[in-house]
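Both complexes below contain chain A, partnered by chain B and then by chain C.
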Partner chain A sequence: MHYVSVCSVDEIDDEDVRRFDHEGKSYAIYHVDGQFYATDGLCTHEHVHLCDGLVQGFIIECPKHNGRFDVRTGKAISAPARISLRTYPAKVEQGVVYICLD
Partner chain B sequence: MKRDYTLTGPDSARARASGLAGAKWYATPVPRPVMKELMTRRDWPAVRDTTIWLVALVSSGSLAYFACGSIWAVPCFIVYGVLYGSCGDSRWHECGHGTAFRSRWLNVLIYHFAAFLILRNGILWRWSHSRHHTDTIIVGRDPEIAAPRPPNLLGVVLDLLYLRTGAAELRRMIRHVCGIMSPDERDFVPDSERWKVFLEARIQFAVLCAAAICSVLIRSLMPLMFIGLPTFYGAWMDLVVFAYMQHAGLAEDVTDHRLNTRTVYLNPIFRFVYWNMNYHVEHPMFPMVPYHALPKLHQVIKDDCPPAYSGVISAWREIVPTLWRQRRDPTFFVMRPLPPARESSV
Partner chain C sequence: MAAAGMVIVGGGECALHGALALRQAGYSGPVTLIGSEHHLPYERPPLSKDVLAASGAPSPKHSVDSSQLADAGIDVRLASVVQKINPDAHSVELLDQTAITYEKLLIATGAAARRLPFAQQPTARILYLRSFEDALNIRRALEPGRRIVIVGGGFIGLEVAASARRRGAVVTVVETLPRLLARVVPEEIAAVVENRHRGAGVTVLCDVSVVQVDESANRVLITLSDQRELVADTLVIGAGAIPCVEIAENAGLHVANGIVVDKHLRASAPDIYAAGDCCSFPLHLYGGRRVRLESWRNAHEQGALAGRNMAGACEALSSVPWFWSDQYNLTLQVAGLVDEGATTIRRSLGADSFLLFHLHSDGRLVAASGIGEGNVVARDIRLAERLIAGGATPSAHSLSSPEVKLKSLLVA
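Our next item is the complex of A and B:
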């Protein structure tokens, strides 16, 4: 399991998302109800960064076309998003958010 | 060289090859906390406005019915038609983005109701509008370019009674009732969504047929004056007066909404009809911001945008001579002045 540190927990507000770039790839890190989640950073519909989108509960909505995904599973919930996002395990240790990229 | 505005022609291939398709667009930097606040969904503003709209629609329709036979029926039908066709267009648009209401089911309900009011297929146009936001006024990619070059001025005039666009939508509806999709539509509607397009077309067609049959049975145009025809005599305000202000005569093939889109100040009544879409540089730059927050967004980004137009007359004073000139010179367009301190991504 290869965990990479992302940021401190207080750098992402509750019910919000932050972009994380690592080795040429973009990820979206979410903070909802005290839990952290990670998915691919680009919408599967068009190449739009989800970090500019709106988090409502466990749903991230793409800022461009309103495609919606469940941040826990990556599942595409509504059109125009039809392909689910890949998710990555996330954890918090000593106030730092890590995601697993293996 | 005449440009090809279809989605399957040489300009489409050129847009893809040049990187204009699905390109990264300029967006004015807005601090995340400010943007989060602006994007916040609320039910109340749209519930209030929709209630006012529907009460006004029913009231004006009732007055038109009881005024039939007198001259007073004319203004009543004009108001009813604008509430039906023009408000229908703006409600269709906002609810299609899913931002008007916080409750998703309200967005979906009003979206499909409003789509019927303007004879649009809700499913098809959701995908069409999605492409419009990806590739706004990119020739060969955007299916919603209202004023291609050279412009069809007769078509603009005909659309004051929705005759060009409405006839096209009716033809499209009949095609979809028969289960046929055009090559352009196949370019932006996924296979899995096509049955929904056909189903919605059949439902809309059935309602229109019911109104037409009622008219025949009672030998009166009245049923169609309330269902179906208001799209034609009432959509002019939104689909011509307001919609052409959005992009007509401005640049094509740029990746900066400040260069191909207008923001126009309107009075409160017009803004109610148009649901604040007069803030049109703001909307495509940040489509997640609900209509009721667009005036605030305008205040946040206006210093990074070209000056807004002072009103309908100001915008059309630019549009009319520009379209007239584009008849002979399709390369001509209005170059919007960008604030000097910032760079665009043309």
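Our next item is the complex of A and C:
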């Protein structure tokens, strides 16, 4: 398991998202209800950065076309998003958020 | 005659979302979608952007593929033109005389590019933009160094201008009104857009109109109202759109700047609905004011709402108008109706990036607009949309202060 450190827990507000770039790839890191989640950073519809989108509950909405995904599973839940996002395990250790990029 | 079922006239995204919503709502009878283009439904926003300017051979961005439509049991007739609706007989007649009866009918015929008197039809050097083929024709004209004159400083004209610069063309935009985007966004936003275009080398001419156009084999000569003459290799006209309502009018439906529908998207004859760019509908949020919107999201949402209502629901329209435009690295977004506002509150988000909140004289937030690099304004505009929908009356201080999160106003 290859965990990469992202940021400290207080750098992402509750019910919010942050962009994380690593080795040429973009990820979106979410904080909802004290838990952290990670998905691919670009919307599957038009490759827009999801970090500019709105998080409400466990749902991230693409800032451009309002496609919605569940941040826990990556599942595409409304049009125009049809393809789900890949998700990555996230954990917190000593106040730091890590995601697993295996 | 085929068995009655749901018939959808139109082959764009509004029509498609109507068909899909019928199935999602559990309707199991025949669903027939009749589109005049020979493509499956595709997204139009890229036509003024990547289809013109991206490298590689462009192709239509389809919203679904044929197997998904087949799986949903949607009978798609492409390159088919409905020439007549017979409301009494509950049938539509195709150009080839085939008649299809309907239980309920959705008219989602969209809009067409408004033609200017000097170019009723596109020619080799005078082009309009609406369809994928139109975009391909414009793309061919956008070679480095080619002189492109664009008539119309609205979204289509300006997005084409930005794409043309990406391709290295020499670009002039001619706008009749005193400034760009005069009908659609506040002046301060239009000023950012205009500066960006000028910075990219576009010549912007406002408050001047085209009085004559002479096309010859190798160029177009354009005479302006101030006597200036422009020479172009290609003239692109982006002069707005008009709703496609001819078959509705001929069927006796009430039409006034679009097919007139009620809050459930029902037209003036039984079992006929209309949705998207072709319809005029009441906005409950603005005292029932009637509008016709030409926007991507409106087409999606109304198509889906019409589908659900045709399947038996009784949902009323409730969404807030919203649109965006991308030019260069800038995105602007507008939610609500700006002209409903009496006062404007500004919130800065950084250099050339800001939000404008438009408040009604009674204190309600009725619109929000914003511009910035990338999607920097998207989240706040989306939150503002929620505030607008909820009839919120936020204080000027809370709107102008960047440290006040709009999300905190939602729960207040």
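In this section, the second predicted complex is superposed on the first by the 102 of 102 C-alpha atoms of A that agree within 3 Å, B and C clash if a C-alpha of one lies under 4 Å from a C-alpha of the other, contacts with A are read in each partner's own complex, and residues count from 1 in each chain.
FYI, a residue touches a chain if its C-beta (ideal position, glycine included) is under 8 Å from a C-beta of that chain, and two chains touch if they have at least 3 such contacts.
None of these values were measured; they are calculated from a predicted model.
Considered on the superposed chain A, chain B and chain C are sterically incompatible, since they clash.
In the superposed pair of complexes, A:80 makes contact with chain B and with chain C alike.
When both complexes are overlaid on chain A, the residue A:4 reaches neither chain B nor chain C. Once chain A of one complex is fitted onto chain A of the other, the partner contacts of A:47 are limited to chain B, with no touch recorded for chain C.
Which of chain B and chain C touches more residues of chain A: that partner is B. Using the contact criterion defined above for the overlaid structures, shared-chain residue A:101 touches neither chain B nor chain C, since it reaches no partner.
Contact with neither chain B nor chain C is seen for A:92 once the two complexes are overlaid on the shared chain. In the superposition on chain A, the residues of chain A contacting both chain B and chain C are 52-54, 61, 63-66, 79-80. Those residues of chain B whose C-beta lies close enough to touch chain A in the complex are 22, 32, 35-36, 39, 41, 97-99, 126-127, 130, 133-134, 190, 192-193, 286-288. Interface residues of chain C, counted against chain A in their complex, comprise 17, 43, 63, 296-297, 300, 324, 331, 374-376, 378-379, 382-383, 407.
Looking at the complex, you find that chain A touches chain B at residues 13, 16, 45-47, 52-54, 56, 61, 63-66, 79-80, 82. The touching residues of chain A, when paired with chain C in their complex, are 15, 48-49, 52-54, 61, 63-66, 79-80.
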